[in-house]
């Protein structure tokens, strides 16, 4: 079976993409952003468009040497590791959404190389019901375009992230680390490593 | 400039994906389908998830020999050529949406080979405003995962399609034929042919 | 470290691609085929072009339900599982090489769907020296284009293959099964499953 | 027909990859390099492994704004535009070959971002005989893995290149410019632009 364990933690997986966003304070909400009420309504009606970014450090030959993961506390106080993930807004290009979410989570000095091609390495379909695909998000159905994003600059955790850590592919794939990932992001991480030819022996 | 001409015709590009769907008659509307009112509301709030399928005939070695295009009349009575295109519904997998839209447009005997991998050959971002990307749909913002789909069976136009025609890559890329495609689907068709290594000299 | 164990078995990994080929008997050797002496000479001079095919059974929606693996005896009498793999010849297209090797290993009734696009899901670089990449072949340096190939017909082991078996993704990824694969083909199998979204929890 | 015009110029398309290489002078030839005699011999026996790189300038969102093309004089004195292209050597990784050829043609300050994934956007099969694929090279059969390579630094033409020019996608796709490309590299350029979603209306 390819179900993914569901627990109270899932709620947090992709939540940084949603409202209210502290960035705005009392500034006007930009076009394309939904009110929390609108968001709740839409969530049960149709799939949302998401992006997942796997931040990586590469060497001169482009070979992946490290993967970047966020550390975050769930509502119940547990620690979880996460990829950069979030919603694509109305009238926003996928590549702009990628850039926005990376800057939101890793800070303005991260210097990400957003892919030239819109072709994702995979599409992660998060369903509210476990077992339909490898990914689950109890809040909604999200279709997420997943990209490898090389990052050259300095990353510092932003918002509700406690830490941002660079791990080798081998470190990222330890059972301990994978167990800290939720909603199937452990599977997505392994798919990313497979795509760049760096899946460790497991 | 990479704008795409917008006209009254665009309205028809992806409309077969929407309601009311004659398939249901007075049967209960399945879970995941929106009422026309809900659909209108959502359209101005967030991007929709779409799929585009490029039906192809391949030879024994997988080489594309023909492309299938739908012929349809627009509201204003003009003829247009179209790819198979439509919305992904709530709680529907992308691969199931692909299959559903192909059967809806080409009939139940088409025998499509839905791709084993969820990786699309490109992502077509249809914006209501021309010029943001190569694709435009005046009704809404749609993020469409585009796939090449080999079809082995007999195709017969369904619903509001008048005809379904197989064209060689060279025939499909004549200026006359491309001019009959709307919303940037001419660009998407050329991208599909480039992906399979069959882009003609133009 | 991402080395792959090397042993006497590696020699057999891709050997079905090489000469002499019993198909010819005393018929003239076709253009593009090397004599064993020429082959030996070239092997130490430059990388060879190879293809790797991962045969799969898919359901109506294209979802992979089974993977096909060959069972073969090595020279030392051990059993090994293998993907379909072999050399691209002079003046042969990659897609024709794929078809030829699949028919050579699975028989003429396999009905493979050779991919429409030449874009492989990955490139496996087999080096004679372990540790450079995840793949190793002590005989030579081969650059192998790897493809998922859905197969609809009846497969029967040919030549020096003892058996051809369909396994679920979960069965294929058991440690016992993976340990029977050589030269890094266990890694390649997992990459293939990651690409189609069917990598089991390991 | 998808033949590509063959002329005396084709000879020059990929020649920078071959011997003798002025980089060595009277230093010892590195392991993996063939003597001109060995090269001639091998060329008629089997396909060579090549890489093609399409150098691009991207904006902050990864969108391609310019393509880089080399200007070179053919033996007959005509001017031709070319992509970066060359052979993969014995015991050299594809990503190292990409880096080496880019530095050889664009100089040591180009700062290319070699792709993290080995998956090429297409595979260009250059045949000595025109008409088999879209690509032709009268000297040999080469199977070339083609990659988009963002370049951030300063590029200066090296070796037998007279000039290196950045062109917008629209400028690169003018009939005049495409006519200066040989061996099917005009097709490959359009495939690259299609892959990054920047194929102009033609």
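We call the chains A, B, C and D, going by the order they appear; numbering starts again at 1 in every chain.
Definition applied: contacts are C-beta pairs under 8 Å (C-beta built on N, C-alpha and C of every residue); 3 or more make two chains touch, one makes a residue touch a chain.
Computed from a prediction, not measured in an experiment: that's the story for all the values here.
Counting hops only between chains that touch, chain A reaches chain D in a minimum of 1.
Of the two interfaces, B-C and B-D, the higher number of touching C-beta pairs belongs to B-C. Look at where the CA atoms of chain C average out and do the same for chain D: the two points lie 29 Å apart. Chain B and chain D have CA centres that are 34 Å apart.
Among the residues of chain D, those touching two or more other chains are numbered 93, 117-119, 121-123, 133, 195, 197. For chain D in complex with chain A, the touching residues are 56, 58, 60-64, 93, 95-96, 98-99, 113-119, 121, 148, 150, 195-197.
Residues 34, 38, 42, 44-49, 87-94, 117-123, 125, 127-129, 132-133, 141, 143, 145 of chain C are the ones that touch chain D when the two sit in their complex. In the complex of the two chains, the chain A residues touching chain C come out as 1-2, 122-123, 133-134, 169-170, 187, 190-191, 194-195, 197-202.
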